[in-house]
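Note that chain A is present in both complexes that follow, paired respectively with chain B and with chain C.
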Partner chain A sequence: MVVGRVAIPFVPPRLVRRHGWTIGVYALLLASLIFTVAIHPTYGAFDIKSLALGALPLALAAAAQTVVVLSGGIDLTVGPLMAVTNVLAARAMLHSNFRDALLIAVLVLILGCAAGAFNGSIVVFSRVPDIVVTLAMSFVWGGVALLILEKPGGGAPLDFQNLAQEATLSPWVPNALVLLIVVVAAVWMPLRGSRLGLALYAIGSDRTAAHASGVNVPLVRILAYTLSGVFAAIGGLALTMTTGIGSPLSGSFYTLSGVATIVLGGVSLAGGKGGMLGPMAAAFILTLIPADLIFLGIDPNYGQVIQGIVIVLVVMVGGLAALRRKPA
Partner chain B sequence: MSELSPLLEVSSLSKRFGPVIALRSADLSVRPGEVHALMGANGAGKSTLVKVLTGVLRPDGGTIALRGKIRVIASPAEARRAGLMPVYQDPALIPDLTVLQNLRLTGTPVEAVRRWLSELGMSGIDFGVLTRDLPPPSLRLLDLARALAAEPDVLLLDEITAALPADLTTRVFDVVGRRRAEGRSVIFISHRLAEVSVFCDRATVLRDGETVGVVEPARGAEAKIVDLMLGPVAADVARAEAQRAPIRSGDGPGKSRLEVKNLRAGSMLQDVSFTVRPGEVVGVAALEGQGQGELFDCLAGVRKPDAGQILVEGRATSFRHPYDAIRAGLVLVPADRMQALLRQRSVRENIALPLVSRLTRWGLINVRSERRRVKQAIERLQIDTRAQAQVRRLSGGNQQKVSIARWLAAGFQTLLCFDPTRGIDIGTKRQIYVLVRELAAAGSSILLFTSELAEIPLACDRVIVLFGGRVVQVLPANVADESTLLRAAHGLAAEAAS
Partner chain C sequence: MGAAVLTFGVVDLLAACGGSSTSGAAKTYKVGVSNTLTGNGWREEMICSIKAQGKASGNVTQVTVANRNGGPAEQIADLRNLISAGVNAIILNPSDRDALNAVIKEAAGKGIVVVAVDQAVSAPEAYVLSNDQVKYGQLGAEWLFKQLKGTGSVVEMRGIDGVPADTDRHQGFTTALANYPGIKIVAQTFTGWSLNPAAQQINDLFSSGKKIDGVWTSGIDATIIDAYQTAKKPFVPTVGADNNKFVGQLVSLKSSGLVGAAVTNPPPVGGAGLAVALDVLAGKSHPKLIKLTPEVWDNTSSAGVSTLQSKYDASLDPYYSVQYAVAPYTTYTKAQLIACQS
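Entry: the complex of A and B
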């Protein structure tokens, strides 16, 4: 050890080097949890559960955004789509039983899928820049949410809410966390290793080279938005589970917070670089900050300011690390 | 010549981009087991033809027939299935994916790629690295190995040798040439006539998007190819210029314009000293990666040297930014045209950009004076401005002319040219070298690195040879023939000098 430290500079194995950012984000999450326990010694199972409940919709919004950003695009309809699926589910599930609620959830997922495909098709076929199309579509979906439910209301059977709100396995493992892991493992992990997953990264990294490599660029772009729609719909259902109601304006927060989360999670807004695990941890970090402020007795309205500062600092530190690695 | 039926038959193919006609009427007939060269000046339509053949672009008219059957090639994937496999000028590898992932993306068998790579002498490539981290020659060979692994009937190589050092070029010829025996064909695009005459069975020559002739280069037909490429009038001009091109003896009067003392930067550039006098063209000869890149970056203010001095007109300088170098009169023409130019902007804006600070009064651009100076530069360099609205639509040679024209309009004392003729046809090449001589005659100093050693005596007064980040030899240009330079560049300087 000592000899190694003197003679050979530490060269991390490739896996660590390539996933350095993700590892860093998880280290930051661990550090913030330790900090939280330090300032609030009674932090326990209940707090973990409320952290997971708060982070679940944000993590899903981030997942929706990640898929599109990796493919070299941007999707500003994530929040409004979450609102649409949230109010739709809450309105349909009011007074229904658990089995009907599950059926409605499946229908809502199909709707999210269709809405995403619709967004993607407009982006691809109109040839209008994605940021313009999805900004315009975000107003459309925002309006649709208000048409479905003009003020917060609706409901969902308690069993359905408990899918996220309980802690079935152990008091320390909230269902919301399990749900998130299951969704990411079931939707993202199989995709990532597939040729479609490679194509997704390819069109975000170098669209010309991807085209020349035989990738069907328009199709993969539409699929990226479709998958984003699925994640947004799951996010909307998560809102229904965690709040128990539908709220047409609930989504507005999640579009830009989702973007902030993926940036903190190591996804490059230029496309082609990053993964899903980083943003998931980032969602927990950004949810923990306002809670810590309450424990510290600081006005929670400072939360946004501090979140912004954290994001800029982390991205700066990451950039410096990348710069230092380059000349070697 | 045996009368085999053609494997690939292209007839009267046409393609236009808005008002610009890239292909007027291209014909091409490739026999099985043939290496067929595609030649033409910049903007003649070679790259467009390759892109149409491989499904990247859709043609406006004409037909493509494979083994006598007319095919519509609508996408790169379809071209692949039809047995047409390209290796483009820009490697089609995804920078953010590993080598292995890139192969999986295209469904290429990994073992076959490994086998071809070892035949190409590149078995050392680690398939787990991101292709972003590989040097350009490795990328090109990887792209080539991937294309070979698909076992295509027709392999299309667009300027494959442009970015390769000489030893690898030979390897590529060996490996690709062996495919002839299997009845597979190669379409080979290159500006290097010498390669074409050694390596190719026949050559199709394009001019202004039209096929103007098919020749057999093996019978010493270089002159004929040049005439075909340039057209009747231009060929006469080129010959006259070649005869005129004077080589001055390098004893420029007065003190040095640029002096470099013990410059060191990074691991490549170890210790380099030399001087450039006013009115002198100093050539830099080196194999790939001997510190020439770092040298030019330091002189242009792109990076800071670790040690040593750069003196301009006898005064020590310290460049923190290209802006400082430009102010000191040192301007760079990089090999990668796109690094210097704003792709989406017009020719006029690109040329005027370095001028802007001088043309503004009260923060407004004096449009009339801008237009006049830009027009002068365009005329002087004979830039083909058919596609002037966006620089990225120009051909490679015309892009390079624009990147020189910028400095011509803005004014400079020392021009740093880093491989300015890479991938450029001989007509434009000659114009660039004539321009370099003219600029020197007018008192400018020029430092010129070129990867084509045969061109050094054409343009330079003196040559410095770099090896291992040091100057190993300084030669007057009139004794710097290709073999002397090659020996010196391989570090055999002492022998060569004795």
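Entry: the complex of A and C
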């Protein structure tokens, strides 16, 4: 704690203690960016856009996972749900105009919402462990994606794609980044401060205590999965924007990499601890690693090894910091 | 190419600074490779062929490989990073036909030559060099159905559901099937182009007791022959690809009753793609679409047997394709391919 006070004199120690991990992740992101510029001096607006485009779907997958993990659950359907919404949107948007595309996007969001609620209801009412239910449902949604589009196809109007692909405000501020900030600000921020947000953390920390204090635990659990479905649907729409097509296999990588991202972002897999801002920065860090490997010309097979080492190291350092804090 | 030596230093310096050197003046090049399926023998050989061709060409200073499992979104990110790294040419095995068009256009706008190998892209800026995958499915299936004299139960062991090459091959398979009403498909499986699932699937089929008269595989072939041997079952006519071990089996197990055919699908389309890219950078012209027609090497005709015999190579990795070159494009030696160094 003394170290913390000396190192960051202008930040109140309480803030550092409560948000230490998040601050740490953003410091790590800054360090990774500085490292990237050092090894690749021409790093510029083009690369910032590459980074934002690459991080957007991962960040949204992480957001979807965060909500459920905070509530003390796990959602293995995030990737397949992204694929379902991705192929659904791309199939419906083919040859449509921008206005219709926006309408379709809204419908897809509602569908994501319903799919999430469906997942949550099965978890709650079947009383089968969430990891089993969502694992089984991941196969169901993966199959649904293949039924909607057997192979990559569909399309989306260029204006809709540009919602993520362009940089309207300034070449240095890619739309993908703006989109992510808007989504998190519009969906997560209001919820975080609300009674529901509190209930979400409460059931994640201690379900019995939450129940005793009058929280409707089953309802909040279902709502967590519903919200996860919404974020997954936005992730699927983001994939439609960044690739311009629907691919039934597009979600395969996002379930587990989403989990890795939230762990790096400081969300406890035990539930009840963490936030949304950490995982967002973590998504950018994990997107920078393969880029740096390309700039360095290192065998990319090391990419996953490095990613794993970074996560283990960060979680270890975080755990040690928490241990040192306890006696004080 | 005497001038090449003189300009070497300058261009190298330019490339090192990340400056996109104009195609006319540059005599040495940086090459980027993008691949999104890892841990697959065919794809590894494809990448090695690009490295080998870079070495054999003598004017490639660096081959940067972006190789990870992913879909179009990840590949777009990799391609953008390769553009930023200042490469002069990009050889890619596309994860999708249409999804990469925007980034390919961006690359072409910066003077980068883009060659899609193995599978096609629809971007008009890109060169495409690939095996005809529809024909791959069709030719092998026709051989098998003819071998079965038009009647029997066949297993179709496909690749990865939803991947363009798998869909194309299935289309060819279905086209061939339409002419053979007596052929019944008793099972269709997805091997994921991996050995273990394929072995599991054929063993499951054995225990199911289904009658199998022939097996068509999308290239996971030797595993099936191994399974028949382990189960001590009599071989059935089997179609595979030009993989070293399978080619060897077609020769050595012919006397034990194995009847089969290997359909070609050469991984060195990667190296051939680089050769085309370097030609274009040097100002030579190539057609935008280069399609290789697969050959069928069966062990029932004498011509087929002698081809199989000459192609089998005990020194090569068992799961590598025996086709280590794609004439007339690749110029490297077999040793360079096996060394796999850029």
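One rule holds for everything that comes next: the second predicted complex is superposed on the first by the 316 of 328 C-alpha atoms of A that agree within 3 Å, B and C clash if a C-alpha of one lies under 4 Å from a C-alpha of the other, contacts with A are read in each partner's own complex, and residues count from 1 in each chain.
One rule holds for everything that comes next: a residue touches a chain if its C-beta (ideal position, glycine included) is under 8 Å from a C-beta of that chain, and two chains touch if they have at least 3 such contacts.
Predicted, not measured: the structure shown is a model, and the values here were computed from it.
Looking at the superposed arrangement, the partner reaching more residues of chain A, out of chain B and chain C, is C.
Looking at the shared chain after the overlay, A:201 reaches chain B, while chain C stays out of its contact range.
By the touch criterion defined above, A:297 lies against chain C but remains apart from chain B after alignment on the C-alpha atoms of chain A. Within the superposed three-chain model, A:192 lies out of touch with both chain B and chain C [touch as defined at top].
By the touch criterion defined above, A:19 lies against neither chain B nor chain C after alignment on the C-alpha atoms of chain A.
Looking at the shared chain after the overlay, A:211 reaches chain B, while chain C stays out of its contact range.
In the superposition on chain A, contact is made by A:239 with chain C only, not with chain B. In the superposition on chain A, no residue of chain A contacts both chain B and chain C. By the touch criterion stated above, chain C contacts chain A in their complex at residues 17-18, 32, 38, 62, 64-74, 76-78, 80-86, 95-99, 101-102, 160-164, 167.
Residues of chain B that touch chain A in their complex: 54, 56, 75-77, 80, 86, 88, 90-97, 101-102, 104-107, 128-130, 266.
Those residues of chain A lying in contact with chain B across their complex are 14, 18, 195, 198-199, 201-202, 204-206, 208-216, 272-273, 327.
Residues of chain A that touch chain C in their complex: 40-43, 46-47, 49-50, 53-54, 57, 146, 149-153, 155, 161, 165, 239, 242-245, 247-250, 252-253, 287, 290-291, 294-295, 297, 299-301, 303-304.
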